[in-house]
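First comes the structure, then the notes that go with it.
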Amino acid sequence: MDPGRLKTLLERVRAGELDIDEAMRELGDLPFRDLGFANVDHHRALRGGFPEVVLGLGKTAEQIAAIVAELARGGVNVLATRVDAQKAAHVLAAVPGARYEEGARAIVVEQQPIAETGRGTVLVVSAGTSDLPIAEEAALTARLGGSKVERLWDVGVAGLHRLLHRRQLLESAEVIVVVAGMEGALPSVVKGLVSRPVIAVPTSIGYGASFNGIAALLGMLNSCASGVVVVNIDNGFGAGYAAALMNRKRE
Amino acid sequence: MDPGRLKTLLERVRAGELDIDEAMRELGDLPFRDLGFANVDHHRALRGGFPEVVLGLGKTAEQIAAIVAELARGGVNVLATRVDAQKAAHVLAAVPGARYEEGARAIVVEQQPIAETGRGTVLVVSAGTSDLPIAEEAALTARLGGSKVERLWDVGVAGLHRLLHRRQLLESAEVIVVVAGMEGALPSVVKGLVSRPVIAVPTSIGYGASFNGIAALLGMLNSCASGVVVVNIDNGFGAGYAAALMNRKRE
Amino acid sequence: MDPGRLKTLLERVRAGELDIDEAMRELGDLPFRDLGFANVDHHRALRGGFPEVVLGLGKTAEQIAAIVAELARGGVNVLATRVDAQKAAHVLAAVPGARYEEGARAIVVEQQPIAETGRGTVLVVSAGTSDLPIAEEAALTARLGGSKVERLWDVGVAGLHRLLHRRQLLESAEVIVVVAGMEGALPSVVKGLVSRPVIAVPTSIGYGASFNGIAALLGMLNSCASGVVVVNIDNGFGAGYAAALMNRKRE
Amino acid sequence: MDPGRLKTLLERVRAGELDIDEAMRELGDLPFRDLGFANVDHHRALRGGFPEVVLGLGKTAEQIAAIVAELARGGVNVLATRVDAQKAAHVLAAVPGARYEEGARAIVVEQQPIAETGRGTVLVVSAGTSDLPIAEEAALTARLGGSKVERLWDVGVAGLHRLLHRRQLLESAEVIVVVAGMEGALPSVVKGLVSRPVIAVPTSIGYGASFNGIAALLGMLNSCASGVVVVNIDNGFGAGYAAALMNRKRE
Amino acid sequence: MDPGRLKTLLERVRAGELDIDEAMRELGDLPFRDLGFANVDHHRALRGGFPEVVLGLGKTAEQIAAIVAELARGGVNVLATRVDAQKAAHVLAAVPGARYEEGARAIVVEQQPIAETGRGTVLVVSAGTSDLPIAEEAALTARLGGSKVERLWDVGVAGLHRLLHRRQLLESAEVIVVVAGMEGALPSVVKGLVSRPVIAVPTSIGYGASFNGIAALLGMLNSCASGVVVVNIDNGFGAGYAAALMNRKRE
Amino acid sequence: MDPGRLKTLLERVRAGELDIDEAMRELGDLPFRDLGFANVDHHRALRGGFPEVVLGLGKTAEQIAAIVAELARGGVNVLATRVDAQKAAHVLAAVPGARYEEGARAIVVEQQPIAETGRGTVLVVSAGTSDLPIAEEAALTARLGGSKVERLWDVGVAGLHRLLHRRQLLESAEVIVVVAGMEGALPSVVKGLVSRPVIAVPTSIGYGASFNGIAALLGMLNSCASGVVVVNIDNGFGAGYAAALMNRKRE
Amino acid sequence: MDPGRLKTLLERVRAGELDIDEAMRELGDLPFRDLGFANVDHHRALRGGFPEVVLGLGKTAEQIAAIVAELARGGVNVLATRVDAQKAAHVLAAVPGARYEEGARAIVVEQQPIAETGRGTVLVVSAGTSDLPIAEEAALTARLGGSKVERLWDVGVAGLHRLLHRRQLLESAEVIVVVAGMEGALPSVVKGLVSRPVIAVPTSIGYGASFNGIAALLGMLNSCASGVVVVNIDNGFGAGYAAALMNRKRE
Amino acid sequence: MDPGRLKTLLERVRAGELDIDEAMRELGDLPFRDLGFANVDHHRALRGGFPEVVLGLGKTAEQIAAIVAELARGGVNVLATRVDAQKAAHVLAAVPGARYEEGARAIVVEQQPIAETGRGTVLVVSAGTSDLPIAEEAALTARLGGSKVERLWDVGVAGLHRLLHRRQLLESAEVIVVVAGMEGALPSVVKGLVSRPVIAVPTSIGYGASFNGIAALLGMLNSCASGVVVVNIDNGFGAGYAAALMNRKRE
């Protein structure tokens, strides 16, 4: 209930125009329904510069197209993650203005210019080439959320020199997202080299006792480097989202 | 190898005082040993304003006292986590200048003034009274890391009104740490209310199918609220450390 | 053994028409075989107004059609759950009178009018759109079991306002079924708002560390809200069945 | 905000006694803080006839005594579960009016008469003698919640006759709580015999591959008998609470 | 209801001494209560020559003593398993006629001569010295169940020669119980050498990834040797019981 | 080394026809290669009346056909388990004399008459219709191993009367195999009714928290009925094999 | 930075051709970028005689072909593991000089002669025929790494004689790789027979409680034979690589 | 059967002193009983220079003392691992010649000089100070097994510089044992730096989602660095044993 409406109501009570019982009935509806954060505008504010998001995983091409189209109707940006190329073709045919980011396996409908909201850059680091789709998903999400993004690919711990090489780049980032499968050791190593916040993303890359990413997840949760935080297995979106949030200038 | 030493070396080469082969031998030792980040000063820089840390869990009072004393010798601040009252008494007797933060079950040796490094405040939120030691550990760590800290205790999801009440406080924080055991639902709810970064700390509070915090951990990793990041079970220290890092002003 | 038959037997003994040895032989068969609950009528009574049920999961269209047809022969209502649209087409072609409830992925043969047996209504609440098939399965089962059913869709904990909005509806139900995947936090939040019994249904919605619904299951079993009870992952049928049972008027 | 207070406020506005700005300030605080369900009275209404509850597990005798005393101050009934005899002695010495229910390992402070709120009786059934503390906890909780309670002990599935014997008793109950460890098969067998709602409580009784109750928990979640609902391992309190809720007459 | 009683009842009916209604009332109670297998005699028959059993694990010395004394009152043999020496001293002091089998960590009250019921012998084989308490528990149980028992200790798979040595003994047994911890490979090797039934008992011996016997349990369940059957971790009693049952002559 | 060959060797030594060094060389090869149990005849003796067995699971139709044909060449009986109808058609076309047992999803090449080796009958009991393929596999294996087999289908614990009905049949068997999925409670109930050995077979029937048969497996391992032994999930073959072995007359 | 370049730099400093500041700038870049081990040559030295490796699992035929072709461009040997026959056909068509090792499910591009680097032979032992692809992968890898390889197939623990037979062969090897699924007992038995290092490879062969190789993995980690080391499930490559490394002559 | 005895037997046959039937009887006993590897001498040869070993974990001081004394009677070296200081005092008092290696928590009875059997050195590397007891156990075992041992302590991945520093030392070793808890990343990093065999030892150091070493174990099994092999959690002994074996010169 905005102050204007509440003031009018009280003025009408004082003026005797509004019966006290009627006023009470109207006010009785107030809790929850008209709370600031409950209305659409507030929700939009919460979402900030981020696009609306659809998780494509486990949905048919038809379902994805329908939801993306529905969300896009409001004129906002829309991001659909985990969409393979075949489904993407269907969605692109059905939703005008949609584009496919193949590397990130994501569909984007970009109807609003992206506001530059970051204090610095988000750096996305990945261990192996198989981790790239998740890393690109993180990078795309952070970008759509208003951050400048840099990438550092293929710097797994079995070849440390590739990483040590780029210490400058690591330290210059505002927030670092580190994507790795198998033993998931890269975030510890990266965090040991810099004083920046590190968000670790375990991927399901591996086989046998990798248990679809559990090994990497546990490795990251048990990092011996202080200050590593973790998201769900293959959750590039969540990491990119959190990184952009952490990087965001406070207005 | 500090610039001074390198310059001297080159000048001696130019002056013909130093044989090229000898110069090469000396430079050959350079990689790794004298890399900027390898020496103590750099390590100190990486650590920034954070104290040295000892995990008390699984160590005897004697071991904790010895390590804390050793670290404190350097004049830095020291934090020992997961120390019960009985062990703490022993440590305090052995280490001059140490104090016990009972709520956080931590020992602190504060030899340096804490530099105020935060852009804003770190808010620590906890679900139940049993989660308090972990929540206080997070708060203490963030404080020692240079952040102003606020607390919001006992706002579990089974009594939402206590949380909704404090939406202002939630939104005003720069970073929010949310500590919860059992089903670990509180971070999702908090993240749904605000646009701030949320670090979730699962605790081992619960019994039966809580599996010492696994239920809470999984709940947090699977949060339906975008942008929640997670640390290890009962890792209040890690959450506080990451929060202070995210809150840190860039010099 | 019904009283009539037993009485006749004893009368024939007294009348000397039945030899004591013969009588003993006949009575010796009595335990188990003729116990009230062992015969078909009793079984029917146990089942009450509920339909016969077939779990379609893991069965071929041919097998489902055969079992449904067999059960339907007795003139009772039949419910086949977890039947996809393709299999359903086959079953409908094979079983006269069968209809497909697409939302609930279920086949119904409704040959008997549904007796209204409920004291009040069963409310089915779901967190996300992906949870809908399980939620609709619960709603359909409760309805076929004689309860009036209401639905409240898409009120996940990351957007609390949508739920708070409907507190009246929640409290007015006799029993509430809450369906949620991912972190499974919704039942705790709902139970915290009302004094009604809550049956929680974890779904396999999610990925990575959701472990096909284990995260949601554990979350619900560890609910910090007193009085939440839980069924198996994706078991919408079981929840709807239990809800209708709890709602049932005692004759 | 209770209607009386709201009415008075509006009347004072109309009477010109209360400035509109002041009224707005007071009403502005209304959302969340004074929502019907947020104040203590409403919370009491939600709790209904149930006592305040403390989980004694993992708390010291001193902590339990302090919390129980604090809660009891309000004049309400208090229940502390999972308190062993030694701790109980301490609590009883510290809290006037507290009594120890040894069978249920629980402390009760009964300051209010228990309102009889049940439509029928709650029957608590247990498989083995080792399951008794959990079964008694369920029975005690249901009783404190206003239900008449009956008990049926030691009717494990390896000796079916003891159970079959008491079919009458089973069917006569309004709600049945079934407590079992090891393979947790009893709820399935009980549910197969009656048309009443069954709440299954797995216990941690067993060894080896019982995994502290996981075997029983999984057995109950996978019950082949329709309509069994489950609570956490050893959660006798939760089962008794839910049973009393299901049994409660609607005013 | 034993035949004698039933005959008398029918004779009294025929003789007109018993009213038909009264007879029906008496017979009406018959199902379940007086079923052959429900009375004590039948239960005794089911139990056959086996002693009454108490699982000492998790019980206090007082509780064990009380239960053993209670069971022994009936004049039957009693076996209490998993009783350590300290508790045993208490029980022996409290229960006249009880003796402690230290190797098997079991208390025995042997009040009846053991009937020799076996067709052949039960051979108990163990892998390591740490497995002995469980192996002795199996041997003792089989012996109390009426079987002759032979023992073959310390023939782990890392020293095959000790086992190959005794092939004659292996083949001569009627049933073989094989007890092993760690990788649990011994039952496969034994079964590969003989054509006798093999009951495998995993023990909790090991550490780290033995997970308290899970490794051994899984190894045994996945035996590549056809016909190995398995019992719970550390369940020497169950294996000895099953072995004696398999070895039992049919009367 | 057969006695004849050894005798000849020694005679040639005595006759001076064979040099002692040559004799030693020949005897030096003896261990392992010519050990009684190492030759084919002994292996055949170990296998007894059982057929050669191929696990079809995870093999192509071509692979199964090739292995079955190879084994059948020796004139023995062959059993291939876990072969679906489509693959079976291929195998039958390729292997003369092979037949498909559809109920057991098995291929049999029966080239030898089955020797009747049992002391009594093997009874196979199954809980639900979905468990039938595994139950039939057990029955077929026991039959091919020389035992008379009886079947008792669809007697799950949710409808106890169907089981109680057949107590006579249960007790008359020499060995009972009990096949059940979901909560796996049937073996406990069966064992509670009879004094015969019970082999429990968990099946992967179920969904969600059945974890492909883990729930049933754990339930059976934790059976409260003494003397239940267990095989791997879906291992009908192993249970049938063990049952025939236990039932075998000793020559 | 190779010695030549460094020498030139210093000589130019001495000659006054290079300004000291410029020299320092150039040297400042030195750490990490030009460290000996960071350049390609060093990496090649680390890799030694081993081929470049691609894990085919989870990659499309197109992706495998592209990576193999890329790596082969350098003239080195390339190994692609876990490539099925269908994908292999595609890769062979696309990459000149590639061959398919069907038994090992691997593609090899052999452009360099294999240097014989072993002190002795690597023996690969496998338990069952289904383990062969993994065993062949190990054998192929060891061979490409410069070791002579011998094979011993189908010597599972259920038929010990086949293994005992070949003790000579076992002891003669420098390193033994043992590949086994199901209960994974073979490495323990082999290690018990010889004094050579044993590398155990668990395979995913099995079903039910084999949990895709976890049972075998745990069995191997818990081996009672001292000195068994283990690699990931199905990791024939890793075992062959480690074996060749252990067998390698030190230059 | 040693060659001497066999030769004598054959000579007595040739000389006619031994009847052929008697000779056959004697030889018939030969398999298994007198196989070369079955007698004590062979077993000693297998064990090579290694001491006899006792796992102290889970044994009382009395048991350890008794077993160590028994083994030491033969004049060999004896190693008892996992013995805490208190138990060690007891053992030292009871066994003459025993000494306590406190760092390795092990008791050693060194009665034989250690034969130097290594080709090079075994290097033991540890990540954190809490990993030291396990690392020292590995070092001690390798030393007792005849290898020269070097140590590199406290080079965890969060501070890479300490490790990079010592690349020379790493590469100079013949075999490297790497001991690490928490995320277990150190072996991957070490293996990425050198071309030597690496044996990884996960430790139970950590808390929460380290699950007593499972996280480290999984990390090591999934190492992205080729050729890392792994032993059980906390199995320093096994790693040291395997390292000495790999390092052993072949006579």
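Residue numbering begins at 1 within each chain, and the chains themselves are lettered A, B, C, D, E, F, G and H in the order written.
Criterion: contacts are C-beta pairs under 8 Å (C-beta built on N, C-alpha and C of every residue); 3 or more make two chains touch, one makes a residue touch a chain.
Just so it is clear, the model here is predicted, and its values are computed rather than measured.
Shared contact partners of subunit A and subunit D, listed by label: B, C. Comparing contact pairs by residue number, the interface of B-H is reproduced by D-E among D-E, E-F or A-D, since over half of the pairs coincide.
Centroid distances built from C-alpha atoms place F farthest away from subunit B. Because subunit D and subunit E share one sequence, their contact can be compared position by position; here under half of the interface residue numbers appear on both sides.
Taking each chain's centre as the mean of its CA atoms, A is the chain most distant from subunit E. For this pair, subunit A with subunit C, the centres built from the Cα atoms lie 39 Å apart. Rounded to whole angstrom units, the spacing between the C-alpha centres of subunit B and subunit C is 50.
Shown for subunit E are the residues in touch with two or more other chains, namely 31-32, 35, 37, 159, 164, 167, 193, 208-210, 214, 217, 221-222, 226, 232-233. Chain pairs that touch one another: A-B, A-C, A-D, A-G, A-H, B-C, B-D, B-G, B-H, C-D, C-E, C-F, D-E, D-F, E-F, E-G, E-H, F-G, F-H, G-H. Across the complex, subunit G meets subunit E through its residues 127-128, 156-160, 164, 182-185, 188-189, 191-193, 206, 208-211, 214-216, 218-226. Subunit A meets subunit B in the complex at residues 37, 45-48, 50, 53, 119-120, 167, 174-175, 193-197, 199, 217, 221-222, 226-233, 237-239, 241-242, 245-246, 250. Subunit F contributes residues 130, 159, 161-162, 164-165, 167, 205, 207-210 to its touches with subunit C in the complex.
Subunit G contributes residues 3, 6-7, 10-11, 13-14, 16, 20, 23-24, 27, 30-32, 35-36 to its touches with subunit B in the complex. Residues 32-33, 35, 37-39, 43, 57-59, 67, 202, 204, 212-214, 217, 232-235 of subunit H are the ones touching subunit E in the complex.
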